[in-house]
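Next up is a structure, given as structure tokens.
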Amino acid sequence: MADSQKETFILLMSCPDQKGLVARVARFLYEAGANILHADHHVDPEANIFFMRIEWEAEGFQLSRDDLKSTFGQLVAPLGMEWSFHYSSQVQRLAIFVSRQDHCLMDLLWRYRAREIQCEIPLLISNHMEYGPVAREYGMDFRYIPITQETKQSQESLEINLLHEYRIDLVVLARYMQILSPAFIQVFPRRIINIHHSFLPAFIGGNPYRKAYERGVKLVGATSHYVTEDLDQGPIIEQDVVRVSHRDTLEDLIRKGRDLEKQVLARAVRAHLLHNVLSYANKTVVFG
Amino acid sequence: MADSQKETFILLMSCPDQKGLVARVARFLYEAGANILHADHHVDPEANIFFMRIEWEAEGFQLSRDDLKSTFGQLVAPLGMEWSFHYSSQVQRLAIFVSRQDHCLMDLLWRYRAREIQCEIPLLISNHMEYGPVAREYGMDFRYIPITQETKQSQESLEINLLHEYRIDLVVLARYMQILSPAFIQVFPRRIINIHHSFLPAFIGGNPYRKAYERGVKLVGATSHYVTEDLDQGPIIEQDVVRVSHRDTLEDLIRKGRDLEKQVLARAVRAHLLHNVLSYANKTVVFG
Amino acid sequence: MADSQKETFILLMSCPDQKGLVARVARFLYEAGANILHADHHVDPEANIFFMRIEWEAEGFQLSRDDLKSTFGQLVAPLGMEWSFHYSSQVQRLAIFVSRQDHCLMDLLWRYRAREIQCEIPLLISNHMEYGPVAREYGMDFRYIPITQETKQSQESLEINLLHEYRIDLVVLARYMQILSPAFIQVFPRRIINIHHSFLPAFIGGNPYRKAYERGVKLVGATSHYVTEDLDQGPIIEQDVVRVSHRDTLEDLIRKGRDLEKQVLARAVRAHLLHNVLSYANKTVVFG
Amino acid sequence: MADSQKETFILLMSCPDQKGLVARVARFLYEAGANILHADHHVDPEANIFFMRIEWEAEGFQLSRDDLKSTFGQLVAPLGMEWSFHYSSQVQRLAIFVSRQDHCLMDLLWRYRAREIQCEIPLLISNHMEYGPVAREYGMDFRYIPITQETKQSQESLEINLLHEYRIDLVVLARYMQILSPAFIQVFPRRIINIHHSFLPAFIGGNPYRKAYERGVKLVGATSHYVTEDLDQGPIIEQDVVRVSHRDTLEDLIRKGRDLEKQVLARAVRAHLLHNVLSYANKTVVFG
């Protein structure tokens, strides 16, 4: 699923599986003149759930976006289908949260500028104060929002207000070391992506590299997942590992892990922005 | 694409891309009562070629295999489509060719017995004579067919006759160190799979590990490909690599490479047997 | 560290780090005429422990094995050094324990016959009865030792006696699905190697693939470790992972995992047999 | 080999192998009071060459750097040894050459600032003019040196003069798309590191991703090597690969390759700066 310059339309669908779903969707699109670029399909054989992602060229398609949505909605209403419609020129708006470590942030910003991830990033939030200059350089507004146990609730309210004000579609926790409250998370279901610096479910919680070092593992990992109310338990979008040995000190693990974290988070954010991710139960389907 | 116990039907398709292909195929199948398990789709954006693989349950499908073939053939005739129909209970017949090194052979036979690859293997051919006992153990007929420059043509004729006699669908060169003649290859287009012990196109031809050792590479690889008349140039089905270092001797490279060769060949054979591979130009589309 | 045909001698050493250790050991060996092939050294900077492995040619070395041991023992006695002496022609004796799944067993036996792992395997033990023929084929004695809650203690006594009787140096649990009692484990400290079918410490205990499937991980792993009294908590020798996706069923995870398990266990056994592994705290140093 | 804050001394050695080399070196260091942190040793068994790298703490060592060099030089003069002495506080000076693509440059600069690579980078040279601002931001001088066929010789002379003027120890070609002349290369033997965007020796020369795309490979790679007069033929320091599929367009290969290139180049530069690399014949020994 490349970053074609041509405008494309995308439908993401899931519903209880039954016969004729592909035919119904494909026929609907064909009759409206769609030239299909990608058609991805999956059925979870245990849960019996149907998933589909179709991407087609806007050019030559005969329905307006609004007509598409109303017509398609009527078509699939009897099927119990959850669906969403997206178009590639629709610029999604990201807010990045970061703490002391800036490697994921700087990596995302390089990819943002290089158009590897296509979005707007109007807002950078940190509980550390030093990110003003980098925010300015990339055209982002910066908010320094320190968190203490006492101020957490009010500061999170401030953050939620900011996210609404900036019309943020996706929150990216780029090594943000504060735990978000359930109240915050519920406002952005499946719209907060975190990077955890271990191969989840190994080493949940704090200091995973220290734990990995002490356990003597031969690989360290990183995991990008949607944030849910259960710490480090949300649906996994992407994971990767790198080999380590007895020669690697704790600092080496952290250094090698940084490269993983950057890539794993970037792949997860890119997949989300390309509408390649569907989540269900506590899992994801990642097409592409 | 698991090895479901339930009977499934499979269509593999490719043709010049145009609007409505997915809709046409899906509608046809729906009207015949198909319950689709897997629908895989790809368009090569440069060559503008459409590829599709659909797998559905035999149970509840209302056309006989013959009716399906004739009706579907009529439907897609105007589209210039190449297609093939398969069913999961159809037992494909393999012949394995092997020379001195038996690691790929023994690995395939273990997977054969464990039903990781579902097929029959009635015939084992080697230019070395020692494979009688293993053939007997696995219920294969064994033919010792030594090759010299003088006898090559006649021996290949003998081999071709055997392959016909045993109704062989797929020839697997499991470290067979003879180069097949163009005449042989033309009889089995896209039906001979080889394992080459390098990351092609690096180290084409003989002694790739020696060449890799002398070049000082930091990874060695293995490549499984369909055999064409150009040595080591056929469409690649699967590749993988493993890390090596200055500590690894030539023997270490060979040993590490064996593990790669076994897995890469097994994955390619499995993908072929599951009808997951479509080839075009000098490439493959490998679904699943 | 290749499987050189020439006889080599090996010293494994560990002690509190201090100045002059390398010099002392190297001088001792030089004065006895050693031609060093491999000298591996490591200092754990947190625990301040020195590790060394030296391998040299037997040819030209001027001390007998017994003289070496007594002289070297005197040399390092004041250093608080733990050390062991090995020679490459010393054939280590393995016992393999297996349950229903035979993939690790058959893989080890192929490597055994191919001399990838150099040892004798005189004894195969299983709580399943079907391994007689394979044992005969590979020249092993087979003992069928079923375990129930009631018989566990007496059956383990029987096993321990067998291991002594066959002068077993290393026990390999090649997917043996019984938990060994602490009493058994204490008889063979750091001499029992297990393969666990997950990336430890994720998915400790039973059914790790089912747990991995339900957690929706994007990689599955395997871990080979020395067995200690804490289940799945012993020092890790080797780990590896393979990528999976939403398309992979539980059966696919198990199938992909089998390839990992085979390789990870074989690498761990080979490293142990080559005297490349030193363990301390709950970790390993794996040279080579 | 971590980036310890403590000053360390390093000896890199190679010579024809013979008995007593480890003992001689270790004794020399011990007598001068060295506390050895890392002792790495390798013998090429085919070429019969000895390699060693020893790193020890400066603290407590009783020879001055100059005395060490003269004394050690006398010791090993009869052995035909090539050796070099380094100390960790010695700041190596890099010049980076870059063309249009800045991903490797920006990655190196992030690591430079984060102290993942410890050096000074006083000079940035490009045949493109847009790098002034980034040079200023990182405190580097920037020289825009366009190259045409006519000006190549004189421009290279200018570059060589600059490299001397800035006392450059290592030239890093961070996706610099000009081929250096033999005259240039001879001035900096084993001191120019390039990143090639393929798994060498596959796809030597220009447009490797296009070639990889057309060959239908299932992995793309990157290779970092010392530059010699034979294009893309120099000793390989580091390589890595990433999996691709039929779904990946040429642009996807390029995007995925960028991540590889960044990491592979950074690892090679880091290994060189830590004095972990010895080269001989057309290979490298990379310790650590």
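Chains here go by letter, A, B, C and D, matching the order in which they are written, and residues are numbered from 1 within each.
One rule holds in what follows: a residue touches a chain if its C-beta (ideal position, glycine included) is under 8 Å from a C-beta of that chain, and two chains touch if they have at least 3 such contacts.
The shown structure was predicted, so the numbers you read here are calculated from the model rather than taken from an experiment.
Chemist: When every step has to jump to a touching chain, what is the lowest number of steps that links chain B to chain D?
Modeler: 1
Chemist: Quick check: more C-beta contact pairs in B-C or A-B?
Modeler: If we tally the C-beta pairs in contact for B-C and A-B, the bigger total goes to A-B.
Chemist: If you average the CA coordinates per chain, which chain's centre is most distant from that of chain D?
Modeler: In terms of C-alpha centroids, the chain at the greatest distance from chain D is B.
Chemist: Please compute the C-alpha centroid of chain A, do the same for chain B, then give the distance between them in whole Å.
Modeler: 37
Chemist: What parts of chain B, by residue number, touch at least two of the other chains?
Modeler: 2, 42, 45, 247, 249
Chemist: If we count contacts the way the header does, which residues on chain A are in touch with chain B in the complex?
Modeler: 2, 19-24, 26-27, 29-31, 33-41, 43, 45, 60, 243
Chemist: Considering the complex alone, what residue numbers of chain A touch chain D?
Modeler: Contact set of chain A toward chain D: 1-3, 103, 106-107, 110, 114, 116, 247, 249, 251-252, 255, 259, 263, 288.
Chemist: Quick one: which bits of chain A touch chain C in the complex? Just the residue numbers, please.
Modeler: Interface residues on chain A, with respect to chain C: 42, 44-46, 199-203, 214-219, 221, 235-241, 245-247, 249-250, 281-286.
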